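See structure below.
The letters A, B, C and D name the chains in turn, as written, and every chain counts its residues from 1.
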Amino acid sequence: MKTVAVTKIGSLRDPDESTRGRVGLVDFPDQPLGPEDVRIRVAYAAICGSDPHLAEGFFGTDVPIGLGHEISGVIEELGERANRNGLQVGDRVAGNFLKFCGTCRPCQAGAQQFCEHIQDYNRPGMAETIVWHESQVYKLPDDVSLLKGCLLEPTSVAVRIADKTRVRVGDRVAVCGGGPIGQLALQVMKMYGATSLTMIEPIADRRDMALRHGAEHVIDPVAENQFERTDEITGGAGFDVVIDASGSTRAVKGLLDIAAKGGMVVYGAMYPHDFEMPLNLSDYLYLKELTLTGVFVSPYAFPRALQVLPHLDVDELTEAVFPLDRAEKAFEVHVSGAYPKVVIRCNEIPEETVTS
Amino acid sequence: MKTVAVTKIGSLRDPDESTRGRVGLVDFPDQPLGPEDVRIRVAYAAICGSDPHLAEGFFGTDVPIGLGHEISGVIEELGERANRNGLQVGDRVAGNFLKFCGTCRPCQAGAQQFCEHIQDYNRPGMAETIVWHESQVYKLPDDVSLLKGCLLEPTSVAVRIADKTRVRVGDRVAVCGGGPIGQLALQVMKMYGATSLTMIEPIADRRDMALRHGAEHVIDPVAENQFERTDEITGGAGFDVVIDASGSTRAVKGLLDIAAKGGMVVYGAMYPHDFEMPLNLSDYLYLKELTLTGVFVSPYAFPRALQVLPHLDVDELTEAVFPLDRAEKAFEVHVSGAYPKVVIRCNEIPEETVTS
Amino acid sequence: MKTVAVTKIGSLRDPDESTRGRVGLVDFPDQPLGPEDVRIRVAYAAICGSDPHLAEGFFGTDVPIGLGHEISGVIEELGERANRNGLQVGDRVAGNFLKFCGTCRPCQAGAQQFCEHIQDYNRPGMAETIVWHESQVYKLPDDVSLLKGCLLEPTSVAVRIADKTRVRVGDRVAVCGGGPIGQLALQVMKMYGATSLTMIEPIADRRDMALRHGAEHVIDPVAENQFERTDEITGGAGFDVVIDASGSTRAVKGLLDIAAKGGMVVYGAMYPHDFEMPLNLSDYLYLKELTLTGVFVSPYAFPRALQVLPHLDVDELTEAVFPLDRAEKAFEVHVSGAYPKVVIRCNEIPEETVTS
Amino acid sequence: MKTVAVTKIGSLRDPDESTRGRVGLVDFPDQPLGPEDVRIRVAYAAICGSDPHLAEGFFGTDVPIGLGHEISGVIEELGERANRNGLQVGDRVAGNFLKFCGTCRPCQAGAQQFCEHIQDYNRPGMAETIVWHESQVYKLPDDVSLLKGCLLEPTSVAVRIADKTRVRVGDRVAVCGGGPIGQLALQVMKMYGATSLTMIEPIADRRDMALRHGAEHVIDPVAENQFERTDEITGGAGFDVVIDASGSTRAVKGLLDIAAKGGMVVYGAMYPHDFEMPLNLSDYLYLKELTLTGVFVSPYAFPRALQVLPHLDVDELTEAVFPLDRAEKAFEVHVSGAYPKVVIRCNEIPEETVTS
């Protein structure tokens, strides 16, 4: 079965081709179908900002490493006991690449994000088919196309970020970082109480995209003084909620200064393993009583992500689509930044045959 | 000072003119200006659904009873120590007709809604001027007109209702009752996470108004089976959040059936003093684990109501405007239901001179 | 395998022996051990207040109906894949008679209490052995005896009730009903912030038991005026949190009057199917802004119940112990009310051999 | 009026007497009594850990700087309008040295801790009398002595810390730092759901004091490996809640490692102005999803602190009592660390005459 995989460890951005990492098509054996499993013919698999990290060996260096966890598709086969969710062959679906065991201590305590067996069903989805446990599979609403549906997983991340903000309606909200997660978080916060909604992002195209999708203000943190701009936007109050979706070590510290007293700062991205942000306890936790938190994975968020997705405008995130056998090119385009997001079409599945 | 007041106790809807209640213009003495007080020249005062209850003697029967607690205006005079909020003569303002003393036990415990001296500064605002304590006065944003600004108080009620829902983004939400509070609650929930947003309302005009302002679905509870419609809309799940803004004794019980398991039902209206809703504890609190709560007044909500108001479309709630000396006519129109809301212009204050 | 079961439907309290329900020992086939299952040799099984309801046919009338869901025991055999929780043969354990599927919509949304397959592993535990899925089984702490351990399940109910109170430290708390759940809830609230802790209970022995275990005050609702007593105890404020563990249709309405403004009332018992409590919306939800909720089952609570149990003093709840073949007598004693709780010893398992 | 004050700026611990700071008795003018004010004859004023920071010029260097904000006393005189709280001359009281204005934006938003006029009534309480606004004054319960009552303010800090923990019953809790706030926080958490309650403190006497008041475990962070000890105590899970009451720059970072996944770390002390704690975002906010927050002042907490105080055992915190004219000696003893806390008796007020 054709699967996109890292075939050589190294940075995909490395200008030296001899050390550059490499992504290509590999033939993987078909995944077996257990009694509670679901085989999905994959329609689309989006490239995630974390995929190049895998090429760099972040989670291991034994190649080939199969890729793809933002997928949509159509159910092709159901295990004999995969009957607890009402799934049917032919259903248009998306889902969660992580499976929660339900048995370990964190699962029993309502903290599935720390499930001790979370990787058991994490299979590569940039492939012709994928087999998941039925608990990972969600039927798409009729008004969500397969192309849009492959963004269910990043939408669940934005929903989980929103959950952690504890936002109240009318709170002032800023999002730092205009990549795909930042754009989705912006749209989700737009529909979750945000006012004075502001995107902080140095790249003009991304700021413009934010303005097209609900940002009331944008700040260019390079060309502008973001503290003065925050004062203007918030009348001196600061932002009640600040979300970092940049993962930028240059950006993270300054967010503490634009947060309002008593505010919430959600560090919602991935950060370099060895990076330490200097945190002045007196200024930020004592005098300002800020609350800081982060997001690892997105438990309990998928059912609401399904409700949210139809309300999001993700056309700009699904413009660049490449067929499976051009996956290498797709990753080149992803790395180039020419598009905010790049999608791989794993099978030709006509939208019209499945939505009717 | 000319003030609109109840001049005769009785129902304003009474077909018998001899017993019908009456509203008219009365000359009240000017209110004195204390050192922390603010005198406001009133621009607009909206008629509230609760005003006719005052005519019926709900809170007392000694006429005249001055009316008006949804107001906007311009600051005319400041007490010598009214300097803690940055207010200036000429500022365009709205505010809270209730003042919280800050000293009684509930205020100290963070429950201003139960302030034991809440009525100390509750003065009639359908008048030429009103004097409030500066803690009641909020400067309007530049992009909010005085006409729109008189809806700050009902907006604060909708914000407080939203606060009590504990909604999560993507929750399914229904609002029962398409009067002004219901319409505002609908719009506020639209921007606070609601999906499958549904207005339940027997009057077609009000359902249409809801559809124009964000409702995804409407239910006519008279002509339709609201339980079946809920099943269709929510895929059998029910609404995670149900808000009653109807105050209707016929409607309230059925809301327990359309709430999802584990759902929240906020009874956000006023109800007849002697009405008791039969609550089956086994069905609703044990088996469904519903949570029921209500809203009395709106503490801590005004700063966020100010942020929310510019996002609301209230044009249809401010179409019917009558000058102060036609207050009696304004109340007749209010009672007729010809407009969703009726506003009284207490002074002619040109919008253009104040927004620049 | 010997199992306690309802052998004839009818009230166990029926004075007429010809119609009285009956509980006795029945020989049930051994339960099969699935690959993720655990076979437990049962040490103790406590009689629950809901067991007589089963005899009355509350959940069905096809006898025999096996009983027992509050159990402790020792692991006898593990399925081949029952290895996600670190369980070992010989472990002293207790657990949850309900299994959450992890796959249905409520489980995916973090609401396991509404799992659609919750009964799949609900087997009778008043038996020589029981087979549970490993996700239902919790290892007891070394300092909790098997006898105490059989109260883990009712402790989890008290924990879940406590969770739903949203209590703050220093809140005033009352518990209505001094049966086993009421006594456990009292003790749990004692260690969860309660002050002015009060037990409301008409039976003197139960009030005395409450006073021995942390109640600061007791109210006899028959002989005393509970509203006046509440005023005395709370200085006129009322109770911030009121828990009903009585299930009494006579008691439930009055709890709304002793709750403080803004207070929380948790209906934590079972109630007759057809009982409707008259709820004055104006008085309790509008003017007092009370919140009412209930508890069905106890998801996510067992890991913390395990932490809480060693802190509880349950000696008085485990005084009356009968061997398995005297189960009929045990139920007679339970029904007589001579002891607050009755326990059945299903196997003789010496405590000393397992705790070392 | 005799008042304890900083009379020379400098560290009270400075071994060089020529540069050492100095505290002594100064004659201050009587404070005027406004119409809503209360004059209190001070019984006891406790020395706070922050008082020496004032001697070092933390909040200003213009001597004399009056001291004392943890006080109890008896009402001597009431302003003409100080009648909203039921206070009477002769009442035994304690209170909050901060007054919240109720008018500024943070007060209106329910965030009194950021009141912009918080210092308006902050007067020195180590004096013969003090005048406070009535909103700052709380009547002591009959069973709380004046000596115990002077700890109401630090108790309110512990209550506020407890509020910010969002603890659930059965959570594992550690407190770092066995000074007065740490000991009070330990006792408050003991009655607010904590299990596996652990005090982390290098001084043996303070660990022993913690063990006498509810700690189940103690860790000496100097002699022991606190990570290994945490593993033992929590069975590898870590602490769900970690409270820092040490303010120690050496201690704060390690607390992130002993927190459980998904845990809460409350930095509840003051920290050096220029200290920055290195925070690895990837390890602590991303992978562990920790939440970090802090505490500045204690709004909305006093009514519950009054409920909590009778449950605390503070005898060891009130052993060392010095008369007002030996205040200098009292500060020497405080600095020596010979007692966990030192109290100044400002007037001889017999306990028996006031409690009857």
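One rule holds in what follows: a residue touches a chain if its C-beta (ideal position, glycine included) is under 8 Å from a C-beta of that chain, and two chains touch if they have at least 3 such contacts.
Since we're looking at a predicted model, the values are computed, not measured.
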Between A-D and B-D, the pair with more C-beta contacts: A-D
Type of subunit A:subunit C copy interface by residue overlap (half), same or different: same
Distance between the centres, which are taken as Cα means, of subunit D and subunit A, whole angstrom: 44
Rounded Å distance between subunit B and subunit D, as computed from the means of their C-alpha atoms: 42
Subunit D residues counted as touching two or more neighbouring chains: 105, 303-304
Complex contact set, residues of subunit D against subunit A: 105-106, 111, 113-114, 237, 252, 261-262, 267, 269-296
Parts of subunit D lying in touch with subunit C, wherever the complex brings them together: 159, 162-163, 168-172, 188, 190-193, 195-196, 303-308, 310-311
Subunit A - residues contacting subunit C, complex: 36, 84-85, 100-105, 107-110, 116-117, 133-135, 299-300, 302-304
